[in-house]
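Note that chain A is present in both complexes that follow, paired respectively with chain B and with chain C.
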Partner chain A sequence: MMWEQIRSNRIRSLVLVAGMGAFLVLLGLLLGYVIAGSGIAGLVIALVIFGVMNLIAYTQGDSILLNVAGARKIKREDHPRLWNVVEEMQIASQLPKMPDIYIIDDPSLNAFATGRDINHASVAITSGLLQKLNRDELQGVIAHEMGHVKNRDVVLMAWCSVLLGTIVILSYYGSRFMMFGGMSGGSRRNSRDNNNGGGAAALIMILAFVLMILAPIFAQLIYFAVSRKREYLADASSALYTRNPEGLASALDKLAASTTPVKNANQATAPMYIVNPFRAKNLNDLTSTHPPIQERIRILRAMAGNASYTAYNEAFSQIKGKKGGIINPQTASLVGAVPVVRPAGADSGPIEPVSDKVERTREVSDMMLKLDNYEMIDCDCGARLKVPPALQGQTVRCPRCGRTHQT
Partner chain B sequence: MVFLWVVLALVVLGLFFLWGAYNGLVNAKNVVKNAWAQIDVQLKRRFDLIPNLVETVKGYKNFEQETLIAVTKARTAVQGVPEGNIGERAKAEGELGAALSRLMVVVERYPELKANQNFLALQEELTGTENRISFSRQAYNDSVLQYNNKTQQFPGNIVAGMFNFKKEQEFLQATESEAEKKAPKVSF
Partner chain C sequence: MICPVCRHPMIIVEYKKTELDYCPNCHGVWFDKGELELLLESAGAGTSKVMGEITKSPSIVNMERKRKCPICGKKMKKTRVGEKENVLLDVCEQGDGLWFDGGEVDQLVKIIEDKSHQNKEHYHVFNFMKEVFQAPAR
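Up next is the complex of A and B:
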C-alpha cells in the first residue's frame, strides 16, 4: 500500500520537477539571448547555477535549513519521550533508518521534517509544541512528519526548493542586468539586428521580461499546490501509523489555538512545517502552503473508528463535498479496514468505573458549580463538561473526544 | 514479418512484467520477514528492561510483592520457552505484558514512587517499549496484508503461482491472555 502510493507520488513529482525544470531552461535560454546574444550561454549559466545549488542542497541542505530554523540536535538522554515516540513511529512507518531529531527553542508551536532522502532525514519540533502536547498528540505530530519522510515529500521539497531558488536568482539578476548594465549591450545588438528584423528581437525581449516576472510566481504556485496536497497525505499516514486519528486531530487543535508565529521561518521554508508558520490568514487560496487547519481536524475526526487510507478518503470526500478523495483510490483500496486503537500509556483512556467516594465528591462539587450558574453538558464519550457562565461563544468542544456542543 | 515483430514485442513486454512482478513479490516477502524480526527485537528490549524496573520498585517498603514476583516469574517463563515454538512464546510474552501492565497499575497507589525521577524515566521507557511492540506487530500485519494482496490480486496471483509464493501468512493476534483480562481497574 505504502509504496504503491509512493510510486504514483513519484510520477506526479517527476512531472512537477520536469515542469519547473522546463521553466528554468526557458528562462535561461531567453535571458541568455537577450543579455548576451546567445541562448546557449544563458542556458549554460542557468544550469551551472542550478548544479551548484543542487550540490549545496545535497551536501548541506538539511543542515542549512536546520541552522536557519535554529534547531539543535538531541540525543536520547535529552528528551527520552520524544526519542521514544520517534522510534515508535519509525517502527510503525517501517522507515529503514531512524531520522535525526532536533528541537527548536521557540515558544511557538510547530514541527517539520527535512532531508535529502529516506535514509538521511531529520525531524524538528519546537520546544513550545513539545511542552504543550501529551504523548498521544506528540505521536500524531511525529507520525505526520514521518509520513512526509516516508512519502518522499522531503526529497521532492528539497528538489523543488532548489529549482525555485535557481529560478528566483536568475530572474532577479537577469532583470537587474537588463535594467542597467545589460541594457546597453542589448540595445547595441538590437540596432545591429535592426537590419534583419528587429521586431523579432523586441518580441523575444518582451517575452523574456514576461517570463522573468511570471516564472518565479508560477514556480512558487506549483510548489505550494504540491505542498498542500502532501499535507493531507501526511495526515492520512499519521492516522494509519498511529491507528489513532484523534491524536493528531487534538494536536492540530492546540496548534490552531496558538497564534505565535515561528521566529525563524520564511516563505521558502513555510511548506515544510506541519502548519503554516505565519498564520496570518487561513484562507485556502492558491498561495497558501497548507490546507485550512480546521478542515484537516474535521477530516481526521470524521474517520469514524477506521484508520486506513480508505477511511481518510471517505472522510475527505464527506468534509470537502468532493468525490474521490485525496489519495489515489487504487492505492487506497489496497488497505482494508484498520481499526483505531489507543496506544499503551495514553493519557486519556476509556473511563473506568469510579469508587463511591469519588462519585459523592463529584456530585457535591457539581452542585456547587451549578449554584454558580455553570452549565452541565454530558458528552457522548462519558465526560461531563462544566461550562462557566462567562464563556464566550455558542459552542464548546469536549476536551476528551473533541465533539462540539451547543451551550 | 510485422506479425513476428508484434509477437516479439509482446514477449518482451511480458518478460518485463514478469521481472517487475517477481521482484515486487520478493520485496514484499522480505518486508514481511523483516517486520517479523522487528517484533523479536522489541520483545527482547522489554525483556532486558525488566530487571532494572524490578530493582527500582523493590526498594520501596510495603510494595506489593505479589505483583513483582508475577513479573519476574513471567520473565523467567519467557526465557524458558524453547526456540522456535511461536505459539508458546506468544503466550508467555502475553503473560509478561499482562504482569507488567498490572505492575504499572499497582504503582499508581505509591505516590512516593511516582515522584521518583528514576522511576518516571523507567515508566516512560516501559511505555515506549510496549508501544514499540504493538507498533512492530502492526507493521508486521500491514506488511502481511500487502504481501497477501500482491499474491492474490490479478495479475500478481499468476506470477505468485508460477514461482510458488505461498498462501497468506498468519496474522499475529494481539494476544489478550487471561491474566490481562483480569487486570485490576484503576480507581482514583
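Up next is the complex of A and C:
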C-alpha cells in the first residue's frame, strides 16, 4: 500500500522533474548550436556535465551537503534521547536501516533529511531545535524527516538540485562564452555557410539568450514547487508514524515563533529543511520552498482524532478549500483508520528523565562541547568549569571561589 | 569562544544550570542571549524582554574602544543600565548577548548591594553575575 502511495506521488513529481530535464536538453542544444555550430555537441556537453554532477551527488552528495550545513555525526551515547526517538520512528516508518544522525551547531530551529536511497539516509537537526522540543515534538519532527526518506523525497530532491545546478552552470558559462568568445565564432560560421540564411541563425541566437536567462529561473520555480508538495506529504507521514499529529503541530508552532535564520543554508539547500531556513516573511508565493507554517499546523490540528492519510486528506481539503487533498484518495484509504495515540506521560517516562527546558538545554550544549573536546571540571563551590582544548594542561582558577584546578 | 577584548580563549562557567563565558585573562564576561532567557525564565521573570530593552537603550559615547560581538562580529553598542544607570556594558545590537569588561563585573558586584530594584529584569542578571563572580580578581 505504501508503494502505491509513493508511486502516485512520484509520477506527479516526475512530470515536474521531466520539465526541468527538458529545459536542460533545450539549453544544451541551443547553446551548442550558437557556440559550436552543432546542437548535438552542445547536448553531449550538457549531458556529460549532468552525468559528472550526478556521479558526485550519488557518491558524495550527502556528505557534501552535511559538510556545507556544518553537521556532525553523533553516536547513541552522545544523545540517547534523540537516538531513541530516531530508532522508534525507523520502526514505525518500516525503513530497512537506521539513518545516520547529525547535529548542526546552530541556535536557529530547523532539521533536514538527506541521502542517496532509503538505505543510505541521514537526518540532521540543529542544536537549537533539539533544545527547544519536548519528546512528542521531537518525535513529530523526526517522523517528518523519516517521511522524506521513506517517500523517496531525498532522492528526488537530490536529482532536482543536480538538474538545477547543471542548468545554472550551463547558463552562466554559456552566456559568458557567447559574449566574449562565441560571437566571433558565430560570425565565422555564418560566412562559411551563408546559404543557411542569417535570419534563422540570429533568431536561434536570441532564443538561446532568452533561454539562458529564463531556464535557471524556471528550473528553480519547478524545484520549489516539487519541494512544497513534498512537505505536505511528509507532514501526513509524520502524523501516521507518530499517531499523534499534535506532536508535529506543536513543534511547528515553536518553529514558527522563531525567526533566527540558519547560518549555513543557501537557496539550493533550503528545500531540505523542515521549515524555510530564511523565513524573512511567511510569503506564500512561487519562490517559497515551503507551504506556510500556519497552514501546515491548521491541517494537522484539523485531523480530529485520526492519524491516517485519509484524515490528512480531509483536513487538507477542509483548510485549503480544495477537493481531493494532497494524497491519492484510493491509496490513502488503504491505510485505513489510525486512531491518535496521545502518549500519556511520555515526557516523564523512563526514556526522558527530565523534560525541563533548562535540563534539555544543558544536555544539548554539553554534548556539543564534548564533541569539541571541552574538559568538564566540577568545582566544590557548585560551579562547573568547561575548559576548551586550547587551555588544557594549564591551571584554571574558579571565578566563584578562587580555587585553582589542574586541567 | 575567543575573548573579544584580549583574544584569549575563554572558559565556560556553569552555575545553577546557566552558562557564562569568562575570560581567565582579562576577566571579561559574555552573557549569551539564550542563557539570559534561561536565567530569566527560571527566575520567573519575563522571557526575552530584557535583551529587547537593553538593545533599545540609548548608546553612549566614551573613550573606551568599541568591542565586536563574539557571535556576529558586528560592533557592539555601549550603554548604561541599572537603577542609577551606573552599570556600563556592551550590548550586541543584533541581540546576541551582553559583554561586561573585567572591571565592570567588579563594579557590578558592588552596585548590586542596593536591592531597591528587585523587580526589574536586569536585577536577576546582575544578581546572578554577583553570585558567580565572588572571588575577587587578582
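Methods note: the second predicted complex is superposed on the first by the 337 of 407 C-alpha atoms of A that agree within 3 Å, B and C clash if a C-alpha of one lies under 4 Å from a C-alpha of the other, contacts with A are read in each partner's own complex, and residues count from 1 in each chain.
We take it that a residue touches a chain if its C-beta (ideal position, glycine included) is under 8 Å from a C-beta of that chain, and two chains touch if they have at least 3 such contacts.
None of the values given here were measured: they were computed from a predicted structure.
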Chain B versus chain C as contact partner of A:Arg362, first or second or both or neither: second
First (chain B), second (chain C), both or neither touched by A:Ala41: neither
Which superposed partner A:Pro107 touches (first chain B, second chain C, both, neither): second
Contacts of A:Leu130 with chain B and chain C, given as first, second, both or neither: neither
Contacts of A:Ala390 with chain B and chain C, given as first, second, both or neither: second
Contacts of A:Leu207 with chain B and chain C, given as first, second, both or neither: neither
Those residues of chain A which chain B touches in one complex and chain C touches in the other: 358
Contacting residues of chain A [partner chain C, same complex]: 107, 357-359, 361-362, 365, 369, 374, 382-388, 390-391, 396-402
Touch list for chain A against partner chain B, complex: 1-2, 80-81, 84-85, 87-89, 91-94, 135, 241, 243, 334-336, 341, 343-345, 352-355, 358
Contact footprint of chain A on chain C as seen in their complex: 9-19, 22, 24, 27, 34, 38, 41-42, 131-138
Complex contact set, residues of chain B against chain A: 31, 35, 38, 42, 101, 121, 124-125, 127-128, 130-132, 134-136, 138-139, 142-143, 145-146, 149, 185-188
